[in-house]
Amino acid sequence: MMTPMDQGNVITPGDLILVYLDVKRQYLVEAAEKLNLSSDLGNMDLGEVIGRPFGYVGETHLGKKYYCLKPSTADLMFKVKRRTTIVYPKDVGYVLVETAIGPGSRVIDVGTGSGALAMVLAKFVAPDGMVFSYERREEFIENAKCNIERAGCLQNVKFHCRDVAIEGFTEQAIDAVFLDVAEPWAVVLKAADALKGGHYLVSWSPNVEQVKRTVEVLRENQFIRVRVSEILEREILVRQQGVRPKERGITHTAYLVRAQKIVPQSGK
Amino acid sequence: MMTPMDQGNVITPGDLILVYLDVKRQYLVEAAEKLNLSSDLGNMDLGEVIGRPFGYVGETHLGKKYYCLKPSTADLMFKVKRRTTIVYPKDVGYVLVETAIGPGSRVIDVGTGSGALAMVLAKFVAPDGMVFSYERREEFIENAKCNIERAGCLQNVKFHCRDVAIEGFTEQAIDAVFLDVAEPWAVVLKAADALKGGHYLVSWSPNVEQVKRTVEVLRENQFIRVRVSEILEREILVRQQGVRPKERGITHTAYLVRAQKIVPQSGK
Amino acid sequence: MMTPMDQGNVITPGDLILVYLDVKRQYLVEAAEKLNLSSDLGNMDLGEVIGRPFGYVGETHLGKKYYCLKPSTADLMFKVKRRTTIVYPKDVGYVLVETAIGPGSRVIDVGTGSGALAMVLAKFVAPDGMVFSYERREEFIENAKCNIERAGCLQNVKFHCRDVAIEGFTEQAIDAVFLDVAEPWAVVLKAADALKGGHYLVSWSPNVEQVKRTVEVLRENQFIRVRVSEILEREILVRQQGVRPKERGITHTAYLVRAQKIVPQSGK
Amino acid sequence: MMTPMDQGNVITPGDLILVYLDVKRQYLVEAAEKLNLSSDLGNMDLGEVIGRPFGYVGETHLGKKYYCLKPSTADLMFKVKRRTTIVYPKDVGYVLVETAIGPGSRVIDVGTGSGALAMVLAKFVAPDGMVFSYERREEFIENAKCNIERAGCLQNVKFHCRDVAIEGFTEQAIDAVFLDVAEPWAVVLKAADALKGGHYLVSWSPNVEQVKRTVEVLRENQFIRVRVSEILEREILVRQQGVRPKERGITHTAYLVRAQKIVPQSGK
């Protein structure tokens, strides 16, 4: 039953929908007039959900309910076509608030990869900000563009195909630089050139050695307040038989390095 | 030395600055023509930083360096005047990406408290979105207003002094509802009325019992995909003598519950 | 090459050996004159290791090295034939030192299960102590006996097939009672009867509700210093390309409850 | 009221008692005919507990109850007179089960420090085993002796004042070597000489660099199955108002390295 409040929340061709049956059966699809989706719990004629509000409850041909939900930013991240290891929502959310960025910010992302980080940044610097995303491998940029376009964020991303450790960045007066590369230390000086004074460099790395070397280079090169954290997520199961943490899961993704650029006076 | 790229990044009266001496001496201050700050490492004449770029390096009268840095969103959260327990950046960052909100979103925040959460939400729904922040205690709203105004986000927050468990919400077609109250389960039905279909309710609670009861009420009342997580932050120390996690720290803040509203068809 | 120091450390028929090829190929076997072991890295004629010292390096018929190692107590625990969920070495090790038991102690184990806990307790109360292991299901006791006999600890375990919540314990003046049952609270009063004053009850449970109820019953019934902990193990990978925690793993096993029995004076 | 089962569990001069008032007031004392203990909740005449069973409930002169409990092994560890950083029960318990030691084992402990680890090992290798504890600083040995004697374990410990990296160990055919020193890699070869084939070397270190170097040296020198873990303890508070993890606590102690010695054949 459509209520007035659902106007503006109606599923329209081109919308991304999270079709949810249960925890093991959730699919990110683009709404279309003709769209069928199959699962082992039955087929879904998703053409029928066009014009319905988000939150719509349908049924598979086997009578199992499915739900048409609004995908979260994290859902969009997990559902990109990947060619590289993933950045995790827990880590991205953390660095969003550990910098000063927001709508209108101009940020740099190094190591476009699958585009998941650029997509999230683009979403949160919209409508007037911009993400400048650097990647050495042209084919990664093409894949990332598809992922980001699908999420509707392409107007806030510009790509550069370049090895920034050598060539540096085109932009200046940047609010934050995000590094997701194997050798972040090699980019630190170029990042300092592009950054506004007092603002943020963020880097993530899975290994301790990468962290150590990056931190050392940051400390020697006009960065202060260098900090490293690890963010861990623990899923809790709330069930009839009892509440407890999940028994198996992800136990490490990356260490997050943050630092802020200083601007020493000449002569100091 | 001021460079062209620092134009637009100049410290101006009214700007918030994070004055950083070392990890134990960091102060959030509002820049002003006449401003002195004292620490056990010496006095700082902060009047002299007006007109300098962020990242400026000054010296206390005892010759110790201080740094004028751009405060992060997390810094703003930690430095609010508190009357209640705090929401932590790690938890707020996580729920930012675990919902579908962004610039332009209309969101509800229940339990204004010190205003830290409303401030962050306001920052990320700007410039066109709005945070509707509900709180029963008028004096908390006054304090929160001061905190949010100082952070420059007041134009994106509207306050209501009300017991929402009884009176419900004024707004409809909301993109996300955030609950930071002692009895979140009592607000679930009202939140469902205010939310857009398919969109997000988020609740945080320190105790397992609160989580369990909230989850049960959500599952019985038109919410699906109910999930609970805990986010843990571990600080890593990178020092000359070795890299290791910090030896003491925060070991628990809150459990984060998320759920999405469904819109069953009439007759179903 | 056998050295004098390896005398007394010679592999003898009946000895348990951990045959180790690599992290995914490790086998607990009982040494015998005629014993062949196959893996995808080749066959091993383990008859040839009889008379060699522990630490012996052999080769499969495909030329891959294998190592004849001394199994740890944890290895013995992981390799029991299981009919129930397992107790983890990290949890067992913790409670060994969180009680006052040691060689010579008399302890009770409720919920024999696969016998892994009774086996470890037997090992550490030897040579003069005793484990009294209670279990309701006769067939579990049979399986546990085999497991414990194989580990060479059977002389320090006595079994009772009984529902202790109803019938209680035969022994008195016990140094510690270990509960690994679904409803530990139902056994608390009987455990108090069996325990020495001032000594230890330990209980493990996967769910929060079990912990809460057990703690409440302990506090109401002559137990003091009731504490609950969770022990987490994080494996660290040290590799050429870098050091980091393992990316996936076990994230929850059980909560550990400990309490000590008090002996109020008559009239108090 | 003394019952027959409390015979043999009677507090006798010389016994260690954990006098427990509440979580912030717990004292390890040696029972004596004349002994007074003061706290801010009142004075206790502990002479009166002689002849009472463990678990005895007394009252301070202010009417507050106190409990005479049996100290756990962990209590003994925490209450040693310390001159060095402590080894934690969670870590010691873990390595007890991650080796093959038990009553009767002969083990080496390097870095006696305050003697806490030697004390626990002595307790668990009793009555016939022996701990050979090595330390370079004579005054540490004297302090450790006092601590271990007080715990009643001195008959199972022999001390050597020596720099083992240079001089090596006196004993051979040892069941396990435990290293708690700043440079464990420097002791690996000497440890290999002392160890039985197939048996265990355990080392703990707070820093990642120490772990890495130790692991590399182990791998290059006749050790196999080299593994590293970190054990984390999380305390859970069970209270009327709700169950939740403690909010602050210890977040890092040490990384635990384990490895097993191999005995290659001559010519291999």
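Each chain carries a letter (A, B, C and D) given by its place in the written order, and its residues are counted from 1.
FYI, a contact is a pair of C-beta atoms (placed from the backbone, for glycine too) under 8 Å apart; a residue touches a chain by one contact, two chains touch by 3 or more.
Given the structure is predicted, the values throughout are model-derived calculations rather than measurements.
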Task: Lowest number of touching-chain links that must be crossed from chain B to chain D - done: 1
Open item on the list: Could you classify the chain A-chain B contact as same or different, where same means more than half of all interface residue numbers appear on both copies?
Closed with: same
Task: Inter-chain centre distance, chain A versus chain C - centres from mean C-alpha coordinates, in Å - done: 44
Task: Rounded Å distance between chain B and chain C, as computed from the means of their C-alpha atoms - done: 46
Task: Separation of chain C from chain D, taking each centre as the mean of its C-alpha atoms, in whole Å - done: 20
- [ ] For chain B, write out the residues touching at least two other chains, lowest number first.
- [x] 208, 234-235, 243, 245
TODO: Write out the stretch or stretches of chain A touching chain C in their complex.
DONE: 206-210, 234-235, 241-253
Task: chain B partner contacts - residues on chain A that touch it in the complex - done: 1, 5-9, 20, 26, 52-57, 67-74, 77, 89-90, 92-100, 102-104, 120, 123-128, 172-173, 196-200, 208, 211-212, 215-216, 224-238, 243, 245, 255, 260-266, 268
